[in-house]
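Common to both upcoming complexes is subunit A, partnered first by subunit B, then by subunit C.
Our next item is the complex of A and B:
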């Protein structure tokens, strides 16, 4: 029997922009077991609801993560609106989804770039991030911010986007599409990419369900679950939204799902811009969440389903606010995919769940 | 479409049976949330099967450990360790038990204090 040894992986590692630690128990370069550890940068942001009132806390919520910043402000606002029974103007719902889908595009392009960097394809990495800059330019033109947008608020959005500007965004995204198609071809057809991803970190549909995986990680294993399917907010205006799903369950499938979701989001934005109604984009919010009121909300973030919970206490401060992020849900599945993989494949395997430790350590 | 808001009050002793039921019906474990309340900590367990989402809630006075659900739902280990470190709730039989070392906190059970 081969000798077992333990190799510490992280929290500092070239493939990890954020701290995640794994104790890898290996036999002959093959991982037998992996024990995860987080908690190095836990910030206790949920506790800040005791110091910031429910309207101010939007600014804290969107600082939970620099990649999903808009999504967190949206999830928070939707939860408080459910808590207080606030109906958001229809135009605001459309604008929220347009910004949210733009966030998905930039998040996936960031991840695709990191993936390319991890398997040593520097040029592909730079091309992905070059395209991502164009999405950040759209954020800057519409909100003034590139990372923290401050676009969402309880009761609507902070600013409108003119219809002519929305049409220009669609045109810009369509211009990106031709360049992106080239990158997509490399990600999905190139032999060197396939050699690093095909068959790595396999997770069956049954295992993905057992470990309650969410987002592209789950959809790459054949689970057709996507919060956008249920028509929350402006998603109910879409004629025929179908999630991108693959049944292969390996690293390549996870890459394929995210890569195709970029194109799906571009189509989705175009459809919403075509259908966006005129009208107000916010409404005045009065009062405070009632004492003992509860609300939950779910949102399809770029990394998967994000769960929000809030409880009111009759004051302008929430009694409790809770976020369960996609990464914390996917860690158990990721650890399972590491069992049996080669030590050299561990960094790529970890990366294929698109871990976000900032979100997890909110 | 409205988001489901289903909260079901249970007794702590009913948790294991309810969790088994969700497991057999193929639902997945979504979240465990602690809330500091008078007399202890309210625990809210969330389960989903696509669109449907149900939240079980009960209050523990912290005198007895709560049976871990991580044997049925492996992803629950994360949330049970977190709830232990932040609220001081004891769980029995967590599949990966960090024994209070999951988060580095400067004060014990920080979420049980109210600093507002």
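Our next item is the complex of A and C:
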């Protein structure tokens, strides 16, 4: 039997902008076991609900993560609205979903770029990020922020997007699509991409279920699960929403699912813009969450299902707010895919779950 | 399977304008909604202190007896809570962000003398 040794991976590693530590137990070049460790950037944001009132906390929720910032503010607002029984104007629901889908596009483009960077395809990395920049420009034009949007609030959204602006966004996205198609062809057809991804980090459907994986990671293993199917917010207005699923369960499938989701999101935005009703975009919120009331909500973030829980105590401060983030769900599956893989494939494998440590540690 | 899938795009990029801008030689383009610094029109401000109460980061200090309104741009997170809550609509969001500085300092505006003292 070959001798075993332990190689530390992270918390500082070129492939990860965020601190995740793995103890890799290896035999020759093969990983036998990986022991994950998180907790390097815990900020205690959930506890802050005791210091910031339920309306101000939107700003904190938004800062949980820089990539799904809008998603977290949306998830928080939906939970508090359920808690207080607030009905959100229909137009606001549409606008929220449009921003949320734009976030998905920019998050996936970011990830595709990072993936290209991880297997050394620098040109592809730059092209992905160049396209992503256009989504950020849309954010800046519609909300004034590029990363932290401050667009969502309890009871609606902070500002409207004019119908003419919405049409311009769709046009812009359609312009992006032509360029994106070229990148998509590279991701799905190129020899060098395939040679690094096909068969890497395989996870079967059964295993994905057992490890309770979520999001594109689970969908790449054939699990047809997408919170958007539940039709929260404006998703119920979609005529025919089908999650993107692949059954291969390897790194290439995860890349394919995310790459195709970008196109799906562009279509989805175009459909919503066509159907968006006129009307008010926010609603006055009075009172405070009742004592003992609690609510949960589930949201499909770019990285997967995110679960929110809130409990009120009769004051304008919540008693408890809790988030279960997609990455914390997916770490178990990721650790499993690492077992038996080559040491050189570890960074790529870790990246294929699109880890977001700042969400995980909030 | 194919190779050189990006060749066409790369060639095109050779003849295209760069995707980046030559900041600071080329000035940054702000949109109508860009967020930079909060400024106050002291003629209309009544020093009611609502903005101070609403600010989540305590960046604003209103001194009613002294007749001054102070904002610390380095604490401000551009959330617009103050701008939206001002009853006199005297606050505006200037798209130009705060200039880099060696030291954090607040901008104080006076009711009587409008000159900014930094």
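As a convention for this text, the second predicted complex is superposed on the first by the 362 of 362 C-alpha atoms of A that agree within 3 Å, B and C clash if a C-alpha of one lies under 4 Å from a C-alpha of the other, contacts with A are read in each partner's own complex, and residues count from 1 in each chain.
In the analysis below, contacts are C-beta pairs under 8 Å (C-beta built on N, C-alpha and C of every residue); 3 or more make two chains touch, one makes a residue touch a chain.
All of these numbers come straight from a predicted model, not from anything done at the bench.
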item: Partner chain(s) touched by A:59 [first = subunit B, second = subunit C, both, neither]; value: second
item: Contacts of A:324 with subunit B and subunit C, given as first, second, both or neither; value: first
item: Partner chain in contact with A:206 - subunit B first, subunit C second, else both or neither; value: neither
item: Of subunit C and subunit B, partner touching more subunit A residues; value: B
item: First, second, both or neither for A:158, with subunit B first and subunit C second; value: second
item: Subunit B versus subunit C as contact partner of A:191, first or second or both or neither; value: second
item: Touching partner for A:150 - first (subunit B), second (subunit C), both, neither; value: second
item: Touched partner set for A:179, first subunit B, second subunit C, both or neither; value: second
item: Overlapping contact positions on subunit A, where the subunit C interface meets the subunit B interface; value: none
item: Residues of subunit A that touch subunit C when the two form their complex; value: 52, 56, 59, 123-124, 127, 130, 133, 140-145, 148, 150, 158-159, 179, 182-183, 185-186, 189-192, 194
item: Contact footprint of subunit A on subunit B as seen in their complex; value: 1, 3-5, 7, 26, 28-31, 33, 35-36, 44, 46, 48, 50-51, 53, 55, 73-75, 77-79, 85, 96, 98, 101-105, 110-111, 114-116
item: Touching residues (chain side subunit C, partner subunit A) in the complex; value: 1-3, 5-6, 8-10, 19, 31-35, 56, 77-81, 84, 93
item: Partner subunit B, residues of subunit A touching it in the complex; value: 35-40, 42, 44, 46-47, 50-51, 78, 82, 209-212, 225, 230-232, 236, 294-298, 305, 307, 309, 311, 317, 319-320, 322, 324, 328-329, 331-333, 336
